[in-house]
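Below you'll find a set of structures to go through.
After this come two complexes, each holding chain A, first together with chain B and then together with chain C.
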Partner chain A sequence: MTRTSSAEATAREEVAAPVASPRTGLARARRVGGRALSAVTVLLGAATAAFLAQAALPGDRATTILNIRSGQAVARTPEELAPIIAQFGLDRPLVRQYLDYLAGLLRGDLGSSYQQFRPVWDIIGEQLAATLVLSLTAIALAWLLMVVWVVATAGRGPRVRGLGQTVDTVAAGLPHYWLGIVLLLVFALTLHWAPVMGGDGIEALLLPALTLAIPLGGFMGQATRAEFERALEQPFVVSARMRGMGETELRLRHVLRHAVLPAVTLSGWALGATISGAVVVESIFNRPGIGRVLVTAVSSQDIPVVTGIVVLIAAVYVIANLVVDVLYTAVDPRVRIA
Partner chain B sequence: MTTLAPAPVAPPVSASRPRRRRPAPSLVAAIAVIAFLLLAAAWPALLATHSPTANDFAAALQPPSFAHWFGTDEAGRDLYSRVVWGARESLLIGAGAATVSLGLAVVLGTAAALGGRILSGVVGFVLEVAFAFPALLLALLLVAVLGPSAWTQVLAVGIGTAPGYARIVRAQVLAARSSGYVEAAVALGHPRRRIVLRQILPNALRPLVAIFALSVGQSIVWASSLAFLGLGVAPPSSEWGALLDAGRAYITRAPWLVVIPGLVIVALALAATSLGGHLRTALDKGEKA
Partner chain C sequence: MTLTTEPAGLLAPATKDAPRIRVRGLSVGFTSSAGHRRVVNDVSFELHPGRCLAIVGESGSGKSVTARTLVGLTGRGAVVDADELSLDGEDLRGFRERRWREVRGRRIGVVLQDALVSLDPLRPVGKEIEEALRLHGWGDRRARRRRVIDLLDAVGVPEPERRARQRPGELSGGLRQRALIASAIALEPEIVIADEPTTALDVSVQAQVLAQLAAMKERGVSLVLISHDLSVVAHLADDILVMRGGEVVEQGAAAEVLGAPRHAYTRELIAAVPGGHTRDTRLAPHFVLPEFPARGAAPHADGPLVEAVALRKSYPVPGGGRATAVDDVSFTLERGRTLGIVGESGSGKSTTARLVLALEEPDAGEVRLAGRPWTGIRETRRRADRRRVSVVAQDPLSSFDPRWTVEQILSDALDLRLPAASREHRIRELLGLVALPDAVRRRLPLTLSGGQRQRVAIARALAGEPELIVLDEAVSALDVSVQAQILDLLVALQDALGVSYLFISHDLGVIHHVSDDILVMKDGRVVERGDPEAVFRDPQHPYTRDLVGALLRLDSDTPSATASPGETE
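Here is the complex of A and B:
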């Protein structure tokens, strides 16, 4: 499918190129530039929100930090507080702290943990890969499940259609914690097809990824199904059938391509959503990852770690959306003209 | 709680249709689930079979049976009765979070759609930024700052889910603003304030009835996710999220302690989604008729 689409796209571009090249080129550069600019401002906003969350910690910040660090709630002497104030620059005016924080972010410095005596980036960095692998596997699985299910059930008479839709809705509504535990009970504890906890092979990845993939697939399926059924009504379907194309080939080669656009748009959002879903899933399956780090940090009020992860995920979301934008143009050449 | 009552569903459906048709089975099931849980919230003693707090260590960790429909927990307490008694707090958290969420959404969405250039620009930017945070993360950030409690859950879930609804409200208000009746009101020389209050808002906010139903279900799911992570109401309570949190320790020996409260939450969420969908269709039809 992708092969024919890119071939068609290049063919069309070659035809159009000599006439429209300078203008469309400019428009495209402008469009990408505009997107990049808005991505940067959104990131700036996310960083500001993160800073405000750190500044909003109730009470005297140095005392709070020291108490969080030691797990106590007592008043502190100035001698005790002095090193904390120096380390976090708390004696500087708030605007200066804000600018310092932004400057730190530009250098890739997410601040330092209240609880562990380490930079936040070190804490997140060593766990990030595990979570990304889980998220990307989940998104791939969701696409696979969704495409198979929609192609098989969309526009096949009222019964099958109804079943397809119901499964989409139910799947989209399943909370991760519940689905994860049911999968764990069925496949790991009863059937022994997968390891119960931990492990780092492919088999250990399957159930956590499936837990994230099923609701996501249901969600994308709802959008794709509507579009798929609309595409099935199009004249090009009739003409392909008249040429003698088989139903399966027709669905996979022509209809699907028209139907996946909404799901492609959702994929950028999906990356952020699966990473945040990983918080629950990693906790159920006892997997390492930033989700586990986040839960620990939230319950111990280690705010810099929390904001570090939040800013990182916001960045992932923004970048993923930029990529999706480019992908969108590749899948649907019509967008390029607009 | 009264705002949750499914009563207003039936009239628009039947009124918009000349012939009375049998209601869809999914709608009947949704109303049955919601009615049962509302009754449990209003009058738990009527539905519960046991005391939710009576310990009976001889009957600890029993699987579901005729005597204990949902089984028993580690202290021999009847899980079904605990679920029934937990309904009030759970539904209140869900309704509270949905109110916070939609309240914020209406203010932000309306400001983004109708405000002057600066106001709508600022609000639009805030929404754009909020969208970069998945709902659960935004909620976790708030829990980290405020510390875990039922009130934090309401605020965190409400604020976490508000941006999505704000976008819907903005679209609705924009659509209403460019409609024929607003144009007519402008042509008649009505003052702007009156047009906004009398024409745009009532029409734009009508679908919110449907969205509120959906949002209560979603809020309970998010709140229970927080509780599952140990960041919600503390376990001695029988709020559903707290039941999940408490049951996790016994997941291999007594899986029903997590699976059944989870199933209740899933059933409520699906019922709320289904009811919201039916309400929206009914409202759309009412608009056309």
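Here is the complex of A and C:
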């Protein structure tokens, strides 16, 4: 205990000794409240940005909507515009429109599509499951690949380590569109192990998920590898060896847990990132999903659909990061105390 | 100790006198891309049942490598060569990893230093102890759980059920170290290797851990005790092996090696242990002190340099409330004198140092420097006087910019207005003051040895010609022989420059050696104060009596390990 490197650390230790327990419940409530408040702030920010994007679109909104629906870009008469203005409430003040929009969000109403005459939520809802399955499968695969690869190569001889690092770096740098096409060419067109397009079930999911998982796994591997090799040098690893523990068990039981914290943090970010990656992958593999909805909506200027997806992705980010916080304390219980 | 089976009973009578471990002509080298480097050369010893072999030497002497070779964990690229290396008559030299794993933990247990990092910080200590049992297929899960509690109880951990569920960071240093011992002796190995088991522990905890090891020896366990400090091994060792640079310089019965050392190096090591008897003498007479430039006496002024009056400081505790780190601490420090503050971790001595350095404002009370207020004023008013006070921390490495050379580190501490030529001259002078060769100027701190780094830290502290240097555990992480050189240097610098020291340490021997006045702190309060003679000869407070009783001396008998048996958080 006396071997602290700085006076500050000692001071903190000195203070930490007689911890008062009765008030920890209050502190926990405060912490949870703080988290929830920041989550709400993020969502509100995303929703506001999405609304402003709609409002700031050049030209008269009613004209734009009508032109999108008819597919012609012409000037409209007030008589033509009246029903549109009434339907979208465009004659109300901007602040009122904003508040209506927020109230709609609270009810789960994301507005209605300019083009398809349907609520945005229905359009997204049909495709959301496919994208979520793809994203979650990709993250699980990325973890599997990363853990196997890092445990097998980190902290070994110089050659194996070099190989491990190189593969991490290359994998992390692979662009989705290129990797997707290569996987498609090799496994679907040449080896016929997977369907070329569409299809249901696991075989159809595998290649798109791999396309997302390989760069993500490489990225997480880079972060984990450094921690893994540092943990391998720690005295408690020597202690475990001295108890008669074998190399593989040692790596899985002791070292891995110390190394995965950065990857856990990255996973929260990855859930959002793979959803945006899904845009490319769903096009390549011709899969249904939010990505394709987004591409279609952007090209046809169907702004309510675009903003609906933006708000939804923000919500996914927020939930993912709350889950990450919980996982974090499960992996490293010291966080809860600090 | 109430263990279910007595390890001594495991031994067949025929093997009673035969050595358990026999090593002859052991050499260890490491092969890397840079070539082959030999770190242990021709070491031979025997380890008998119920005996303790101490391997003593500085860091880098090869003592740990020798011990790790006994369990087949010498390290990557190690080449082990021996005429004989046997455990109970079995040749260890041809052992494969699988055979070694059967030996580790079951037949040879190892206790490493500093359990905070030697136990997995993310797992409860009970799990770590259970792991040793599980790895060797001992009992079922429930039996193992019970055994863990028994083991913790046996090594003197109070409330073992609760402690087993806590992580190392939640335990005090002493409890943690005992949990580590419990994990090493879980399977009752007949041999226990303890590698610096008490380094970084407070004196009273050190005494408790050594008492545990002594109890093991009583039960017939063979001990290999590794340390850089002869005073630690003195009363436990039956045989002592003194190593330097991979070679054995002296070997023999403990009484002979300590009582009548034949080799000069052994005598140096013995002389290097500071204490009351070493006051006003050199600890490392072979270490050449620099010629100090003639300098005028300390600036003449009246009154004490530092006055601390009724200092109090508390910190908020996570979860609400405040904990008082320093409570009603007062002292005065005269010019050119040394005030030693001794106490265990958590006693508030480092917080006191931070208050004196004005890094923190006290909640109540004040610090006065040379008769003028030092705390309770604005930082801008303090800045001009900052150079009068400097600090040397325990681990200088973390207080150096790792990308700066020694020259940059020292230059940074000099007055900005100094012209380049005198800057150059001053750096050379500072290096001379701390007996470092001019060649270290271009080196990075990471490439320096621990003793050299600490001397750079002292040189930096001297750069502004301070009147007060706060030494916060400044020699605690150093080997005894290096510590001796630094202590000699500090004493000589004080004589030459008239600087005052506020010397903070958990090591009573060091405090006794250097201090003119001593404060003993416990739980943020000063429990005893006085000159060294009074504090060490006639301690008034029961806590001081415990501390002094637990103090290890080369010439003393077993320290009283009963000082504070039931340590609690």
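Here is the rule we use: the second predicted complex is superposed on the first by the 317 of 338 C-alpha atoms of A that agree within 3 Å, B and C clash if a C-alpha of one lies under 4 Å from a C-alpha of the other, contacts with A are read in each partner's own complex, and residues count from 1 in each chain.
Quick note on the criterion: a residue touches a chain if its C-beta (ideal position, glycine included) is under 8 Å from a C-beta of that chain, and two chains touch if they have at least 3 such contacts.
This is a predicted model, so every value here is computed, not measured.
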Figure out whether A:G244 sits in contact with chain B (first) or chain C (second), or with both, or with neither.
-> second
Give one of first, second, both or neither to describe whether A:V170 is in contact with chain B, with chain C, with both, or with none.
-> first
Answer with first, second, both or neither: which of chain B and chain C does A:A314 touch in the superposed model?
-> first
For A:R257, decide between first (touching chain B), second (touching chain C), both and neither.
-> second
Could you pull out which chain A residues touch chain B in their complex?
-> 38, 41-43, 45-46, 49, 53, 56-57, 169-170, 173-178, 181-182, 184-185, 189, 272-273, 275-277, 279-280, 283, 294-295, 297-299, 301-303, 306-307, 309-310, 313-314, 317-318
So, in the complex, the side of chain A touching chain C is made of residues 1-8, 10-21, 23-24, 26-27, 234-236, 238-247, 254, 257-258, 331-334, 337-338
Along chain B, where are the residues that touch chain A in the complex?
-> 125-126, 128-129, 132-138, 140-141, 143-145, 147-148, 221, 224-225, 228-231, 244, 251-252, 255, 258-259, 262-263, 265-266, 269-270, 273-274
Residues of chain C touching chain A in their complex?
-> 71, 73, 97, 101-106, 109-110, 112-114, 116-123, 128, 131-132, 135-136, 167, 169-170, 172-173, 180, 183-184, 200-202, 314-321, 323, 325, 344-348, 350-351, 353-354, 359-360, 393-395, 397-399, 472-473, 476-477, 506, 524, 569
